[in-house]
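One chain, subunit A, links the two complexes that follow: it is found with subunit B in the first and with subunit C in the second.
Then we have the complex of A and B:
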């Protein structure tokens, strides 16, 4: 199996090189057999990578500890599911997973475009194979997962206990699906630039791929946040850690692209900008991989220090220069087909929206890399952490939230005072009323107050948009309002799915504001039987016990949640001492409600049944998870095809145009 | 339970107890622990690292001591900087080269705004009325009537 895996990686490298060359040749000569041969290379590469991956899984599941990777990240006594996930528990395996996902997406790209985008496909194929070449090259010559040791250890070192949970089973593959998904829009964009097919056909294909990547990135980021919340035990879900930032940046740029590509599709504008965003999103996905694997920046999420940094730097440089060259080369053909009339127009708000997304991304980038720059320049190590990111991003985030409400309602070309009155007076009123309501609830801090006002405003703009559209349809079709609303939504999934995503974003913002500004925490040291109170919660410490599991020692405390003396259930926060790990692990217990999380950490104890608990009340955290769920569902909704078209569409006018006119 | 664990956790407990004993300055201590990095080698703030690394409770104890001695927030930061180096500050002071940390994002957004303005002006029609006619011409009368009907004009 070791040899088979190794040979498969070598075969994959050869077939990628061959496919890349033959695709370019076929594209230049317009030679169909060569083009097909290049595409078949993608399929062959996928098969080789799948076989190599199966080999690694087999080695992990059968405890082949002579393989360095298996010995380093698995052990005989860990459950099979964690032996399976040890595949991506270390650097080598995770790079193989990356390659597996990339080869799968490349395969889907080729199959999907057997009859479509024929002009650009040879070059898109060459580009995806080029990216495959890089990763397979690294796997073969720098970080081979099939490396065999001179001796066979009795047991492996086991998987990091922090990674032994359900979130870590799905978080890395999900995030990789997002990261790697960005390689396909990049390939399609490069294919369009190289072939000179710069009409909107590449935009349509690219947009769907970008949306798929965006959904996976969103979901992957959330799983990472949830993992941090439950496993790291510090009471939060986002620490602006470099690796977290590295996954946020491509998400921000992809979100910007998904917005601005609408302008290209509808108005034929911002073409260069969209190519640039696609390039940037892809490079940032590679940059994220570089950050995680190079060891240049310290992070709880990063792999051990490795020799991969220079490989990634070279690949980043080559792919960036390649992309920039083709954008520059075709720039004269990428002129806008229409003009922009006013700053008070939807086109302009889309531009502003992009400015904010890219601005936030740039701010995050600065904060992430600045410690390295500063050390180079001054020779002194510095830290850039949460206070910087929160302070710098807060005004941009607020502006973005407000724009989320303005963007879909403002008229195309030029908004008039009448348009403003018709669309914004009621939402503005609702925004102000939200502020008053929040004020009455006791919130006095200006920042959350303004954010909640903005949340109310945006929710109303979206609600109003659904209402207006459904009313218009109800009038024309004489149907019931609910039917009209359902039809409206199903007939234009892209537009209304987008609104659903916006609703999710508002809920996420509310969750972030609630959990950031109104969080409370306290340390309590109590004896068994004693009670303590934080906020509306009274907790009674019942007892503390210890037990010895096969792979760890566990200390467990029992707490009873009381409401007016009546028990509302128990929490059992724990500390785990894994035999193969030096650090104790916190097993947080969370009592979640829609309004707040009671988050309890067992911090310390002594032999007299006294224990110290770190207790947090984190308001609206549930909103964050629900909001992201809504965003992901909205994204999936957008991907589905629309319901059968109405008469206007049958005459050649898209439903979207009809709705845009209504707006 | 093994002895080293008991000692380790005893230390945690001691640190935690000390922190809990100064409710008057607690708010200030809470603020400070969210602006200083833990020195255990992790990339976390002291306030985030308290329950895992074992070093944070001692740092919190140290901060509590300084606060109870009447030191201001700024003085605590300075003492920590002198003792543990610049990297203990969660954000470097905005001076010298590190001033760039605050300037760069601002310049980036400002530069972006200038680009937006330039793009907008480049894409602005020289004759808006003519442009309107051209755009309207894209939809014929039949389609326009259908749209009007659809939106209930």
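Then we have the complex of A and C:
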């Protein structure tokens, strides 16, 4: 199996090189057999990478500890599901997973475009194969997961207990699906640039891929946040850690792209900008993989120690220059078909939206790489801490939120002030009412007040859009309001799915504001039987016990939640001591309600039944998860094809106009 | 010149983003230092936040369980200097003897102790001694007070 894995990786490298060559040649000569041969190499490569991955899984599941990777991340006695996930427990396996997903997506791309986008496919194929070449090169020469040691350890080191949970089973693959998903839009965009087919056909194919990547990135980011929240035990879900930032940045740029691509599609504007965004999103996904995997920033190790560093730096440089070169080369053919007329136009709000997303990404990027930059510039390694990210991004986030509400109220091209004012009165009123309501609930800080007002405003504008559309349909077709609403949404999934995503974003904003401005925490040291109070909760510490499970020792404290003397259930925060890793594991217990989370950490104890608890109250955290759920569902909804707009045609509205409505 | 006003507006936005970043930078810059550099700096008595990386000296961890407080010494490889550190807050699970740590805070010369408000720890790995790659590709476990 070890040999088979080795051979597959080598075969994959060869077939990728071959495919790149014939694709480019076939593209230039317009020689169909060569082009097909290039596409078939993509399929062959997929098969090789799948076989290599199966080999690694086989080695992990059969405890072949002579393989260094298996010895490093697995052990005989861990459950099979964790042996399976040990595949991406370390750097080498993660890169193989990256390659697996990439070869799969490349395969889908080729199959999907057997008949479509023929002009640009040879070059798109060559580009995806080029990216494959890079990862397979790294796998073959820098981080080969099939490396065998010259001795056979009795047992493996085991998987880090922090990784032995449900989130870590699905978080890395999800995030990778998002990262890698960005390679395909990049390839299509490059294909369009190289072949010179610069009409909007590439945009249509790219948009869906970008959206798929966006959904996976969103979901992956959230899983990462939940993992941090439930497993790391410091009471929060986001710490602006380089690894977190690395996955946030491609998300921000992809979000910007998904918005701006509509302008290109509808108005033929912002073409160069869109190519640049795609390039940027792809580079950031590679950069993200790089900093996550090499630990350049978070780690105190210096850069040079990672053998991956040079590979990634070279690849980033080459692919960026390659992309920029083609954008520049075609720039004269990429001018806008229309000009922007007015600030008070939907085009302008999209442009502003893009500037904000890119601006946020830029601040996050600067904050993340600041240690590296400062070390190069001054010789001193300086980092910026959490407040930097918060101060810089809060106003930008607020602007973005408000813009979400303003955009649909403004007409394309040029809105009149009168129409603008008429559309604004009701949402603005609702926003202010939200503010008053929140004020009455006892919120006195200006920042959260403004944010909550904005949330109310946006919710109302989105609600109003649905209402207006359904009403208009109802008057024409005299159906019931609910039917009209459902028809409207199903017929124009792109527009209304987008609004659903915006509703989700509003809920997320509320969750973030609630949990960052109103959280409280306190440390309590109590003896058994004593009670302590934080916020509205009174907790009684019942007892602390220890037990020995087969793979770990567990210290467990029981707490009863009391509400005016009546029990509301128990919490049992624990510490686990895994035999394999010596490292204790904090098992946080969370009592979650829609309004707030009561988050309890057992942080210490002595042998006289006294224990110390770190207790947090995190308001509205649930909203964050719900909001992201809504966003992902909205994204999936947009992906489904539209219901046939038959009735609209019958009414004399052309399909184009219906499409045009789809903002 | 319909483009001009958009350029002006764009410029305005870029300026505000830059301003926001700079105001953020000055509030939250933290300098990275090794143990010996930190001890040298201590003579100058600066109240700037610094971040020191090193390893936990074996056997020097003294925990006050009830107060979630911990005292320990940080050393660096290739030097015999150590830095006494006190930290109160959530102690990361990965914190133990010989763990690679990063502490962020201020050195108080009058006490001769570094007061940390952030403690990051990465656990030592068995294979590292073999001169091999670090199997822990995890983000560091984190504790903030």
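Basically, the second predicted complex is superposed on the first by the 637 of 663 C-alpha atoms of A that agree within 3 Å, B and C clash if a C-alpha of one lies under 4 Å from a C-alpha of the other, contacts with A are read in each partner's own complex, and residues count from 1 in each chain.
We take it that a contact is a pair of C-beta atoms (placed from the backbone, for glycine too) under 8 Å apart; a residue touches a chain by one contact, two chains touch by 3 or more.
Everything numeric in this text was worked out from a predicted model, so none of it was measured.
Applying the stated clash criterion after superposition on subunit A shows that subunit B and subunit C collide. Looking at the shared chain after the overlay, A:378 reaches subunit B, while subunit C stays out of its contact range. Applying the stated contact rule after C-alpha superposition, one finds that A:160 touches subunit C and leaves subunit B untouched. In the superposition on chain A, A:73 contacts subunit C only, with no contact to subunit B.
Using the contact criterion defined above for the overlaid structures, shared-chain residue A:614 touches subunit B and also reaches subunit C.
Look at A:555: by the touch rule set out above, it reaches subunit B but stays clear of subunit C. Looking at the shared chain after the overlay, A:90 reaches subunit C, while subunit B stays out of its contact range.
In the superposition on chain A, A:336 makes contact with subunit B only, not with subunit C. Once chain A of one complex is fitted onto chain A of the other, the partner contacts of A:269 are limited to subunit B, with no touch recorded for subunit C.
When the shared chain is aligned, no partner comes close enough to touch A:483: not subunit B, not subunit C. Residue overlap on subunit A between its contacts with subunit B in one complex and with subunit C in the other: 232-235, 239, 241-242, 298-300, 339-341, 343, 348, 351-352, 355, 359, 362-363, 366-367, 380-388, 392, 396, 523, 525, 583-584, 586, 601, 603-606, 610, 612, 614. Put simply, subunit B touches subunit A in their complex at residues 1-2, 5-6, 8-10, 12-13, 16-17, 19-20, 30, 34-35, 37, 41-45, 47-53, 85-92, 96-98, 100-102, 104-105, 108-109, 112-113, 115-116, 119-120, 123-125, 128, 131-132, 135, 139, 142-143, 146-147, 149-152. Of all residues in subunit C, those touching subunit A in their complex are 2-3, 5-6, 9-10, 13-14, 16-17, 20-21, 23-25, 27-32, 49, 51, 53, 63, 65-68, 90-94, 96, 100, 102, 104, 118, 122-123, 125-127, 132-144. For subunit A in complex with subunit C, the touching residues are 68, 72-73, 90-91, 94, 143, 157, 160, 162-163, 232-235, 239, 241-244, 292-293, 295, 298-301, 307, 339-341, 343, 348, 351-352, 355-356, 359, 362-363, 366-367, 371, 380-393, 395-396, 523, 525, 581-586, 601, 603-606, 610, 612, 614. By the touch rule above, subunit A contacts subunit B in their complex via residues 232-236, 239, 241-242, 269-270, 273, 298-300, 336, 338-341, 343, 348, 351-352, 355, 358-359, 362-363, 366-367, 370, 373-374, 377-378, 380-388, 392, 396, 413, 471-472, 475-476, 521, 523-525, 546, 553, 555, 575, 577, 583-584, 586, 601, 603-607, 610, 612, 614, 646-648, 651-653, 657-658, 661-662.
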